[in-house]
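To keep things simple, chains are lettered A, B, C and D as they appear, and every chain counts its residues starting from 1.
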Amino acid sequence: MIDKFVPDIDAALDGIGDGATIMIGGFGAVGQPHALVDALAERGLRGLTIIANNAGADFGGLPKLMERGAIRKVVCSYPRATPGANKATFENLYTAGKIELELVPQGTLAERIRAAGAGIPAFFTPTGAGTKLAEGKETRMVNGRLCVLEHALFAEFALIEAWEADRWGNLTYRRVGRNFNQPMASAATVTIALAHRRRELGEIDPDAVVTPGLFVNRVVIAEDAA
Amino acid sequence: MSDAMVRGWSRTGMAERAAADIPEGWVVNLGIGLPTLVANYVPAEREVIFHSENGVLGMGPAPAPGEADPWLINAGKQPITLRPGASIVGQSDSFGIIRGGHLDLCVLGGYEVAANGDLANWSTGKPGAVPAVGGAMDLGAGAKRVWALMEHVTRDGHPKLVERCAYPLTALGSVTRVYTDLAVIDVTKQGFRVVDIAPGVTFAELQARTGAPLLTAG
Amino acid sequence: MIDKFVPDIDAALDGIGDGATIMIGGFGAVGQPHALVDALAERGLRGLTIIANNAGADFGGLPKLMERGAIRKVVCSYPRATPGANKATFENLYTAGKIELELVPQGTLAERIRAAGAGIPAFFTPTGAGTKLAEGKETRMVNGRLCVLEHALFAEFALIEAWEADRWGNLTYRRVGRNFNQPMASAATVTIALAHRRRELGEIDPDAVVTPGLFVNRVVIAEDAA
Amino acid sequence: MSDAMVRGWSRTGMAERAAADIPEGWVVNLGIGLPTLVANYVPAEREVIFHSENGVLGMGPAPAPGEADPWLINAGKQPITLRPGASIVGQSDSFGIIRGGHLDLCVLGGYEVAANGDLANWSTGKPGAVPAVGGAMDLGAGAKRVWALMEHVTRDGHPKLVERCAYPLTALGSVTRVYTDLAVIDVTKQGFRVVDIAPGVTFAELQARTGAPLLTAG
């Protein structure tokens, strides 16, 4: 019997070691698997590469991971705190030269992650052409427009948040919680989902599944689950 | 003539002026900050489909206090509501909509707009500052129309409509129209062309505050 | 008020002229908007380019379009009749040199259509590398694998079949009826959907919409509709 | 020794032999024709997730007569059922699953398999014939493992396991294992290696019918 449910968050995070490349879902605080990230911060890891849209934000477990020196490099589009928040941890580390940043336009980030999942090793996009973020990248005119060659972005682990899950790992998302969780689920060697509702196999309508279970390796049910 | 005499539209007046030009049926993305205000001036009976890059089509107004759905925010991380007819997409599909030219319009803030449509709105290029781009480059490159909604000059009086951008570029040849406190200006193959001037502002005053030649509608 | 419903199939097909490039959804007979294709065959058109996975099949309205000489070129992956059927019209025309064929691997076809909708003008794929179907195409090693450069595939019109539709053009599909209809909806200038259920605006859950209305220009409700 | 003496496995025996090697939990695509039979020999209690390239994950057995759902067919256009846990995806996502290496296994028919894993199974290259490829090239290039399920020799006795394919290629270095009526053979960096021989077939008989050297498991 296929059963991707794991009993707790420790089991969900099993095998994540120093130097790992980890995708973390969410946009802003919505769809970020906070319980997984918080627990990750307790593991005393070093040298992580984190791929997460809002990696510089002041909310969730990422600032804690950064403060503790777990993160070597961040790949993201918006490494900045929400307006009005205190100066974010990321900014301090970045200014001090203690963390590396690969800044990627948000849509290119999403598409590079999708490409990794879909077996497209590289693609041309008009986004960023002629800007500082395309410096050093291959460009060419395609259909009369200047385009940049971008490459698929893979990870060893993806930590994502879902709404429903069954034992095959089929997932649904709730409202904008879908965001980066959907493409990231397909782009990692080991995809770990924090889900809010446990469903029996067959309970989720086949047309309603957003992430088929084959993309998912482990599911842990959130403590708030009904 | 002192700057104090040239007032033009207020910030809400600018948003209202831009909103007046958005017809029913358009799919529209509004950038963070001033552009977000534009939605307030599109009456509910004029059906405009507001897109948010985190995966929403059909955003409605902000929720009443205490009624926010924790699973519904916009790209500015503010709570939102959904209109009947709304739909949700994932992040790669949301930017497929943007990059694929399916937005009729994107309204963005701007540091500078050049006469060839080049847009600079993501970085001041200050050394040491943390760079952050979000979806600005995708929106600038992808939407069918890009309107810049911004003050006509900087705080210290320098033109923001220029011949060539000095700030780092967001997108090449992107902006199709500029709404400022002083005027509405199209970006054409021939350069900036004035569409509308705020009440009480003269063409000469406008040209004096613009870093590139202005054509008139005729 | 946005209202993409049109009263009948004639109104749905309005503006399709000689020489048009038309995508037609479906895989096998499922998800093919038969009523639209049948009506298209009555229009006496010439010089059409048809993009459809099973363009050579013996079912649906496509053979009729071919018999009447409406089609100049077909872009597809499997121009062959179902086993046991009579020799298909396509085969006769092709053997006689009366119709042009661009044969594309099925996944590359789907991805080229998706790329057109998603603003990706070109991409590298390992599919087809080193085969006859990659002859004349640019290739390169990406991540240690030989890849082929493929380009986005656009159309002026897409004729698709949906399950539910509302007046904004939001669509759902039923089971495998989703197939090519989903990517094709995004890749055409004018997307025309034949839907089986008419829904009030707001009746389809926002999480359940598969094709957001912005991709759809016209919706006609099938005569079998409940 | 005449060919008539070398019988090996029947067609259903070949399918059964391949099915025995598919463990629980794999996501598997079965090609049209003989490979489709493999599903019949995977017991329902061994959970294998069958994928069909038209967008199904979790295919079940064929429906009872008169109970076919018109919206459910497989890639061979036959009516199917869904198992509990099934899901539906669109065409670009379905081939993203294939090309992205998410299938544990694809079982395909073959005209020829070369000792370097090259696969030829889509075209005989006959001039004038209508070429048709379907998803064969995507499956050949994308799945983690590609098993060719085919007769060991052609009807007129020519080997189908060869040094280099003569037919047009489907995918380069694709096949990882071959199941024939005579043997199970791995494709390794050193070439073909025999894993299992059908009852009553000798190694010498097998080698005589194979167009490239066979290594033994040891």
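As a convention for this text, a residue touches a chain if its C-beta (ideal position, glycine included) is under 8 Å from a C-beta of that chain, and two chains touch if they have at least 3 such contacts.
None of the values given here were measured: they were computed from a predicted structure.
Asker: Among the other chains, which touch subunit A and subunit B together?
Answerer: Of all the chains present, those in contact with both subunit A and subunit B are C.
Asker: Considering B-C alongside C-D, which chain pair is linked by more C-beta pairs in contact?
Answerer: Higher C-beta contact count between the two pairs: C-D.
Asker: Measuring centre to centre with CA averages, how many angstrom lie between subunit C and subunit D?
Answerer: That pair's centroid distance is 29 Å.
Asker: Based only on mean CA positions, could you tell me how far subunit A sits from subunit C in angstrom?
Answerer: 33
Asker: Centroid of subunit B to centroid of subunit D, CA atoms only: how many Å?
Answerer: That gives a centre separation of 55 Å.
Asker: Quick one: subunit B and subunit C, Cα centre-to-centre, how many Å?
Answerer: Once rounded, the distance between the two centres reads 35 Å.
Asker: Got the subunit B residues that touch at least 2 other chains?
Answerer: In subunit B, 82, 88-89, 92, 95-96, 98-99, 142 touch at least two other chains.
Asker: Quick one: which residues in subunit C touch 2 or more of the other chains?
Answerer: Within subunit C, the residues that touch at least two other chains are 111, 114, 118-120, 125-126, 173-175, 178, 206-207.
Asker: Applying the document's contact rule, which stretches of subunit C touch subunit A when the two form their complex?
Answerer: Of all residues in subunit C, those touching subunit A are 111, 115, 118-126, 142-143, 145, 147, 151-152, 172-175, 178, 206-208.
Asker: Spell out the part of subunit B that touches subunit C in their complex, as residue ranges.
Answerer: Residues 24-25, 27, 47, 49, 51, 57-58, 82-89, 92-93, 95-102, 142.
Asker: What residues of subunit D sit close enough to touch subunit C in their complex?
Answerer: It is residues 52-56, 69-73, 75, 77, 82, 88-92, 94-96, 98-99, 123, 128, 130-138, 141-142, 168-172 of subunit D that touch subunit C.
Asker: Which of the residues in subunit C come into contact with subunit D in the complex?
Answerer: The contact residues of subunit C facing subunit D are 27-30, 53, 56, 77-80, 82, 90-91, 94-95, 101, 103-108, 110-111, 113-114, 125-133, 146, 173-183, 210.
Asker: What part of subunit C is in contact with subunit B in the complex they form?
Answerer: 1-2, 114, 116-120, 166-168, 170, 186, 201-202, 204, 206-207, 209, 212-215
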